[in-house]
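Have a look at the structure below, then the notes.
Chain lettering (A, B, C and D) follows the sequence in which the chains are written, and residue indices restart at 1 in each chain.
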Amino acid sequence: METVSVIGDGNVLSSSELYQTAVEVGRIIAEKGYVLVCGGLYGVMEGAAKGAKEAGGITVGILPEYSSVANPYIDIEIPTGMGQARNVLVVSSSEVVVALGGNYGTLSEIAHALKLGKRVLGYKTWKIEGIDYYEDREGFISTLLRSL
Amino acid sequence: METVSVIGDGNVLSSSELYQTAVEVGRIIAEKGYVLVCGGLYGVMEGAAKGAKEAGGITVGILPEYSSVANPYIDIEIPTGMGQARNVLVVSSSEVVVALGGNYGTLSEIAHALKLGKRVLGYKTWKIEGIDYYEDREGFISTLLRSL
Amino acid sequence: METVSVIGDGNVLSSSELYQTAVEVGRIIAEKGYVLVCGGLYGVMEGAAKGAKEAGGITVGILPEYSSVANPYIDIEIPTGMGQARNVLVVSSSEVVVALGGNYGTLSEIAHALKLGKRVLGYKTWKIEGIDYYEDREGFISTLLRSL
Amino acid sequence: METVSVIGDGNVLSSSELYQTAVEVGRIIAEKGYVLVCGGLYGVMEGAAKGAKEAGGITVGILPEYSSVANPYIDIEIPTGMGQARNVLVVSSSEVVVALGGNYGTLSEIAHALKLGKRVLGYKTWKIEGIDYYEDREGFISTLLRSL
């Protein structure tokens, strides 16, 4: 099975547009037959995992600490105990990485992904050279659909 | 889903008793409803993944290098690029770790697992205090069956 | 001893302005009594280590691979074998991180540093929110002198 | 500068024979001109760092967590935030690794060191094939003196 990684803001509420977009992204990933890989925590990671599970997919959470509690939509938990050094592991398995919002942790993952030659699709996230960046949801979703 | 980790000799041939035992271990793990986690490479890792797939299970390979080529029975590949530092990740996700033969890499995984308070079942591997160690296959398999 | 980390472009030639700036940065770090920490390789890392050694300082190189060959100005080599996952280790020891040019690897280090709450001084590098960013060398050097 | 790594029991009191041996080991390492690398914490790590400092040496502590507090004899702190995954970093820089007592964490470091082809000198530690193992202090110290 191939994987797609979703990274982004870990603090958005489930009522936010970013979370809802993550749910849609997760659903698409699962419908297209990919395994979802994410950091296993909350916000965008939870939304994407929720969407993937609703579409019958499999979800993997690469957790930062041994004691991290994954969101309830994660099937397979990999607790790394490695803190931020785990960020590169969230993106290294996938050829396509989707970034939704996010702060410095997400930025480090974008950078690692681009360094590893991954395709990075961004929505309202860091506007870094090399990202396929979108601020309109329709353009973003339609590109995602064509990319998988 | 819960996971069981299998570690051990990466060099044994598929005709060896250790490989065949790994196939049986993988099959039991899948039949009991667990996801198999291993280092993703060959020998014991391949045997266990083969057994898990034959029983309809899901397999995860935590690979040492970005360029590592997983054995053909791995569903989800996590290429870490971390070399030996990835060894702890192979055992950190599971409450039960099964060790079959193996050299210093396996020993480091056994040590990490015991340090993390995991239950380690060993068959013809390092005889370390704290392992539930077996040299007879029947006793080992019957303990594995009762432990999952 | 406290450390200052220098990150940046690993490919610039010793004749370049960025390399020469790195030499000056390394000299200042050593003269102010700090240990220099860097990725141990070439370009900006070599320049900074050269400057630190010329001023009688101590230099540490956190190398990506077991087989990495450090530049000749590194006193203490820590070969991690961890590939990109080592990037966070280059910045985690220092309260002040200096970024000189650089590509995606440097961006990941800037992001890790900002996430860890470090002060990041940047010269002709990624213009990320949260960095103290300079394009004029004098302003940059004078801020560095005041920061250490 | 070349390094020697010291690993072992992190809980022994400063009055213990193991701690006193660590002090002597650290002193020898520094007198022979090597930099001491250790995990940066207490017990054997503290003793070795104390001995190295008393002999005018330089000490490096590869700490498990960002928040770890190093023992007072560590010059250069590398806080990894990587938990147990940092263990391999404690041994990867040195050609000679000295093990004094210790539990599962030490065992994982011994295993990583042997896997990396390091020479491991052990005193009252895990009796693993491949270690140069001693229970008498004089034999151990005399071998250490000849090895550096």
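The rule is simple: contacts are C-beta pairs under 8 Å (C-beta built on N, C-alpha and C of every residue); 3 or more make two chains touch, one makes a residue touch a chain.
Treat the numbers as computed from the prediction; the structure is a model and nothing was measured.
Chemist: Would you mind naming the chains that touch chain B and likewise touch chain C?
Modeler: Per touch definition, common to chain B and chain C: A, D.
Chemist: Using each chain's Cα centroid, which is most distant from the centroid of chain A?
Modeler: Following the centroid criterion, the farthest chain would be D.
Chemist: Whole-Å distance, chain A centre to chain B centre, using C-alpha means?
Modeler: 28
Chemist: With chain centres taken as the means of their Cα atoms, state the distance from chain B to chain D in Å.
Modeler: 30
Chemist: Using mean CA coordinates as chain centres, what's the chain A-chain D distance in Å?
Modeler: Those two chain centres are 40 Å apart.
Chemist: Could you check chain D for residues that touch two or more other chains and list them?
Modeler: Residues 66, 80-85, 88-89, 116 of chain D each touch two or more of the other chains.
Chemist: What topology does the chain contact graph adopt: line, ring, star, complete, or other?
Modeler: It is complete, because no pair of chains fails to touch.
Chemist: Using the touch rule from the top, collect the residues of chain C that touch chain A in their complex.
Modeler: Per the touch definition, chain C meets chain A at residues 82-89, 103-105, 107-108, 110-112, 114-116, 126, 128, 130.
Chemist: For the complex, which residues does chain A have touching chain D?
Modeler: 65-66, 80-85
Chemist: Okay, in this complex, where on chain D does chain C touch?
Modeler: Checking each residue of chain D against chain C gives 1, 3, 35, 37, 58, 60, 62, 66, 75-82, 88-89, 92-93, 116.
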